[in-house]
């Protein structure tokens, strides 16, 4: 094996740069050349790349975003574009590709592997934590901590004004971020797409809390639960209490990765190169029960990651 | 003088607790008792207060929010309520009141001083920086830095995705936060209520930047400029470019105060007590041209704080 | 079971307050009264305690330190003092005790359980991560992230001055903090007590790096490796290069806990109360392979936690 | 005027990059070419430079350190080396030089201006805040806030252990950082080189505090006061209390600049180019009483910046 490629795809996540660095340095240590394709699959289709050496990934471990840039490329899903991408990879001698991204990127990797026959290894990096086959994705811990810091600040205002806050966090269709954030900030309630929103239950909870002397509340809601503005209105109308909405926005995607996100980036990048070297393509690396593992790309794409609802229950007990 | 009162009113601002601490400890040093009224003017009307000693303000210098809680109290503006508040102050022997808050609180202090005849000293604390008579309010520097940290993170995503971001910051009807934030993050454009929004100028600027090779942009917009969602749409429709809106919400109001906000809290609290001791009531303390000063409450309430637009111009030159 | 006690002992760790909150609220949910003993074992000996209710642990989840205060109590190890402590626990009707602390505190719990016959459950909280029976202690992730943030800043100066920095981190006799920090900051070398320091190897590594064009370096050293000043001198004398020492001090012990430290605090506190309720005393809770577990206090005290040296090897490969 | 140079010299300070960016973009706006010399005066002597365009200073506003690198160059003070530097500047057509650094760099600029006859403008950037002619240097506010954040964390441990901490901050021979930090963290005592250390006064203060019920204390000490370890020992020996020393090290020099440090960088860089354009060389820019100003390089070099001791007194009153 002489040359591999690396690409970051889909939404960016903190730690993608640390993962690029890991792939490049581990590969270089084995005498393998690394090509970094720019702007996700779009760059593979357009044949835009740069050679990455140990020196060119220097000083990036702590940076958010991705030096390779990224994109969500709708057009890349057509057969014609995939053919083009496949030809480019072959033309450049790419014998394996490390694909850093979320669940959409894993599906892209599967499609591309079928078109090109080139072994792909997926490195799960997504703040949403929604890749099947890993307990945690690169960037998840950072996004959670960014939200927790923000909400700790919002709590100051909530308490000072005896006010209720709905705080919307990211996570697309899943509640992983919301659940962990809700537990960590001591939210009075946590709303996730995996559990149907019940206005009556929520309003009752707030009433019970009020009776106990809790005049302010933080309700963490995943973006996937739908219109969070309506929830604030439900509270205002239903209970006659002041409720404000605050949306923790794109800051969750950026910022310097936490130690844990960097640790996963290092381990995942290392395992990905090892797999490619061993001719063990079409895998997705991950961490399961505290151990670095890998499963087949097919299995990762065909399954929906389950969510453990017990931490929601624990959060509820702890916010009494 | 034996007893003074202290109250935090209006929106909370980081550094209010440091200001309460300063008032209490300076007053105590002069043998004066301090009563802390709760929940702004509402607590004065309801006669809710606690005695504050040097020990009871221990460990609060670094906390956001206000241990006295605060409120915006519409009812308190009626003559009847003001009469009640006035009686409570007299009944408790309050010979002077330090009012910590924004421009609305200064107007409240003026009204209350007229009703009660008790000397009031205003301590400007507001993230909006909109109190006439001080170059800077307690909390402004903290809110600016919170926004800057957030936008530094959003920049990661903007660059990685070659995308344009509109970032809405607070400031109510004024652009002080936006202007300083725009300069500090190197925003490609900064929109403030003091300058009329011109769609054509903004779109042209983005086009010129694109021609220079700038593929991402951060546009900082004060909430006072109106519907920021529309600005994102203007860009998407007018230029066919991806533009996202991110609203830096209530986190700007909270969090641990910066050194500068704590410094102002210490100086303002100290000056406020000195003024009350000297029988010099109905003043608003401030910092002007680097010096701790005070002006009459009347003058502060009757004037609108001017905004220096030159930093917008400088920001524009620097973002080329 | 009507009453349990909770105590924080040994060095403080971020997340201890979140653990106290968890113990109190879970126990209260089962109708059990909780007594919080102050200043570690010293407070048990002196019978200093306060009743903790769900309201009295409100607003502490995000605070560093411990509201119960803590101490390292040498005298408490004598039979006489233990007898006194034992009597106090019984006198107050304490039927189980949650002991939050590091490995020293676990040994204290074992001794106290023998003297008093009262079931003890250990909750591992220590920045050092040195408790046998858990892959991670409460506070470890926070301390690691604090160090990583500091070193990211030091890297600015190291690069700007083309200079070598030795950065000493905490961890007492163990290298857990250093190993994770070294990986996360991309340290050129990481020195831990578990691996004998070899001056020649270190100097050679720096020379090789220099030849590759690396003019600055970060060397992370655990305090347990001994005199770090000497290492800086070794480099200056041996290589004629400028080397500075920076000691990341007590800030590592404090600060707001990360989401992960709060998560562990919630889970450990919950499990500890469950164990006491089930009459299952003299256990140490923990997280092993991603699952909340518990082992016997005896086993925890009699074993030394092993350290996985593979992340040091990975860090070395990644810093080439 | 066609070409100017820019150099960063002496110790690095957060905001140097923002200042480089400001110089380059303002100059470019006037059609002037900018050469960036590397590694301080050493790079001028060695004729190491790169042309800086608006694009090459993109994405650096938020970065600590200096992309031009810096050094303290002892040899550069010899006549021979200065002659070489002077020739290099002339050979490259440099008609004016912006020198970003502390008081040593200002003296270097004066010497170089005499040797070369080329107009120099000093931009004060130093965490120590010790340049005469400006109330505040670029980087000072950042270093202060970094220390304040650290000490807020140390306070957690100090309170939890009822312990006294001496915290040493930077500032070389001056107490500017210590004084502002001491006020902002609510230090029980602040030791600066400008006020002679008096063991008796310090010990007495701690005794008085203890009598008031203050069991922990933070004593902020500037590095310029000398052996801080001895102060900890004085307390342990003199009072029999536990006292720990924590040194806030090089992290103070690095990290992302605060909004205020970036604001000064923008304003100073802008004024520096304006002065060079106006043929107004050998000046030092600054902020005085809230206004951007400039004084002669000679005056700046010949005077020692005075320190206002009143904030030490205020800090003392506030920590009672």
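By written order: A, B, C and D. Residues from 1 in each chain.
The rule is short, and it goes like this: contacts are C-beta pairs under 8 Å (C-beta built on N, C-alpha and C of every residue); 3 or more make two chains touch, one makes a residue touch a chain.
No experiment lies behind these values; they were computed from the predicted model shown.
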Report task. Would you mind checking the shortest number of contact hops between subunit B and subunit C? Result -> 2
Query raised in the report: From subunit A, which chain is the farthest off, judged by mean CA positions?
Result: D
Query raised in the report: Taking each chain's centre as its mean C-alpha position, how far apart are subunit A and subunit B in Å?
Result: 35
Query raised in the report: In angstrom, rounded to a whole number, how far apart do the mean CA points of subunit B and subunit D lie?
Result: 28
Report summary line: Multi-partner residues in subunit B (2 or more other chains touched) are 152, 155, 159
Query raised in the report: Mapping chain-to-chain touches, which pattern fits: line, ring, star, complete or other?
Result: ring
Query - Listing of all chain pairs that touch each other, if any do - result: A-B, A-C, B-D, C-D
Report task. In the complex, go through subunit D and note every residue touching subunit C. Result -> 8, 12, 14, 39, 63-66, 69-71, 146, 150-157, 159-162, 165, 244, 246-251, 253-255
Query raised in the report: In their shared complex, at which residues does subunit D touch subunit B?
Result: 21-22, 25-26, 28-29, 54-55, 58-59, 61-62, 135, 141, 144-145, 148-149, 152, 155, 159, 180-181, 183-186, 212-214, 256, 258-260, 262-263, 266-267, 270, 288-291, 311, 314-315, 317-320
